[in-house]
Amino acid sequence: MAHTVKDKTKLLARVRRIKGQAEAVERALEAEIGCSDVLMLVASMRGAINGLTSELMEEHIRHHVVDPAHEPDPNRARGASELIEVIRTYLK
Amino acid sequence: MAHTVKDKTKLLARVRRIKGQAEAVERALEAEIGCSDVLMLVASMRGAINGLTSELMEEHIRHHVVDPAHEPDPNRARGASELIEVIRTYLK
Amino acid sequence: MAHTVKDKTKLLARVRRIKGQAEAVERALEAEIGCSDVLMLVASMRGAINGLTSELMEEHIRHHVVDPAHEPDPNRARGASELIEVIRTYLK
Amino acid sequence: MAHTVKDKTKLLARVRRIKGQAEAVERALEAEIGCSDVLMLVASMRGAINGLTSELMEEHIRHHVVDPAHEPDPNRARGASELIEVIRTYLK
């Protein structure tokens, strides 16, 4: 992955947030707080993982397949742009 | 949550495994390994979260709604048992 | 399933909407409209299936496990109510 | 979408199967069979929709972005091939 520093910082922030959420779930289980509260924390973590997945797929498309912003072939640029849009819809 | 010690140990092991997976994703991003390898690590983490969710929902049903193993009303016992089965199917 | 007439009507309306969406996807494929438009139709269909699943699980809990509105045991009523809330969060 | 006849036939078969599954769910609701059996039918339909989504995304990548089988740039060919693999993992 030869991503920009900005992209890498953003992705690392996302994954550290997920690690923090896993720690919160761990503490919640140890403190024996209610099941349904633990499940709500796990649901947020799942949402954060979908966000990270979507971001990583988008990065992969831009850096290793076709970057819509710099592609000279307009059909490919449009195809890649539509694909990114579809992935965002599926993982939001 | 007033779960048995055994249940709690199992749930904590699951969530610690997820924390370990988040750390592996963090290291992979820092080491700039390929995007698609990072995405495969994230996919495993998502699978582990589905497993934890299914286990927590099952615990919640057994401890706070109806425990099929100890419910005297056979209709409720069957209803709870079917619900657990359905949740496992959806989250596997 | 011994649901009320009202519940059954609502569930049938949901499943008929999904059938209509499948027919729209079929026509879109036959007419060779763009892939990404077909994918957006399929994403809506997936959302409708999550809605149907959530509704069916809720019905199952109310009719075959514990109905929070009529349960005399307050702990069970609360447990069932929290479970319905969690399922809605996971399937929205 | 300017797909091959073979691809179109395969996609149409998938969407018609989903329509058939929606009809089976409709009949099951009308016949008032058990909730949990209806939920299992809906779970199969959801699996079929994931399969259709994965197939459509793969088609979109091959026809409108980069086809790994015919791409002269080896980095792009590999990037597209990895992306298809990742999408299959996520939607299986």
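All chains are identified by letter, namely A, B, C and D, in their written order; residue positions are counted from 1 within each chain.
Convention: contacts are C-beta pairs under 8 Å (C-beta built on N, C-alpha and C of every residue); 3 or more make two chains touch, one makes a residue touch a chain.
This structure is a prediction, so every number in the text was calculated from the model and none was measured.
Peer 1: For the two copies chain C and chain D, what is the rotation angle that overlays their Cα atoms, in steps of 5 degrees?
Peer 2: Resulting rotation angle: about 180 degrees.
Peer 1: Determine the centre-to-centre distance between chain C and chain D, using the mean Cα coordinates as centres, and give it in whole Å.
Peer 2: Centres of chain C and chain D (C-alpha means) sit 21 Å apart.
Peer 1: Cα centroid separation between chain B and chain D, in whole Å?
Peer 2: 26
Peer 1: Please report how many Å separate the Cα centroid of chain B from that of chain C, as a whole number.
Peer 2: Spacing between the chain centres: roughly 22 Å.
Peer 1: Would you give the residues of chain D that are in contact with at least 2 other chains, written as numbers and ranges?
Peer 2: 34-36, 39, 43, 46, 53, 57, 60, 63-64, 82-83, 86, 90 - these are the residues of chain D that touch more than one other chain.
Peer 1: Building nodes from the protein chains and edges from chain pairs that touch, which of line, ring, star, complete or other describes the result?
Peer 2: complete
Peer 1: Spell out the part of chain B that touches chain C in their complex, as residue ranges.
Peer 2: Against chain C, the touching part of chain B is residues 53, 57, 60-61, 63-66, 75-76, 78-80, 82-83, 86-87, 90.
Peer 1: In the complex formed with chain A, which residues of chain C make contact?
Peer 2: Against chain A, the touching part of chain C is residues 34-36, 39-40, 43, 46, 82-83, 85-86, 89-90.
Peer 1: Along chain D, where are the residues that touch chain C in the complex?
Peer 2: By the definition above, chain D touches chain C via 1-3, 8, 11-12, 15-16, 18-19, 22-23, 25-26, 29-30, 32-36, 38-39, 42-43, 45-46, 49-50, 52-53, 56-57, 59-60, 63-64.
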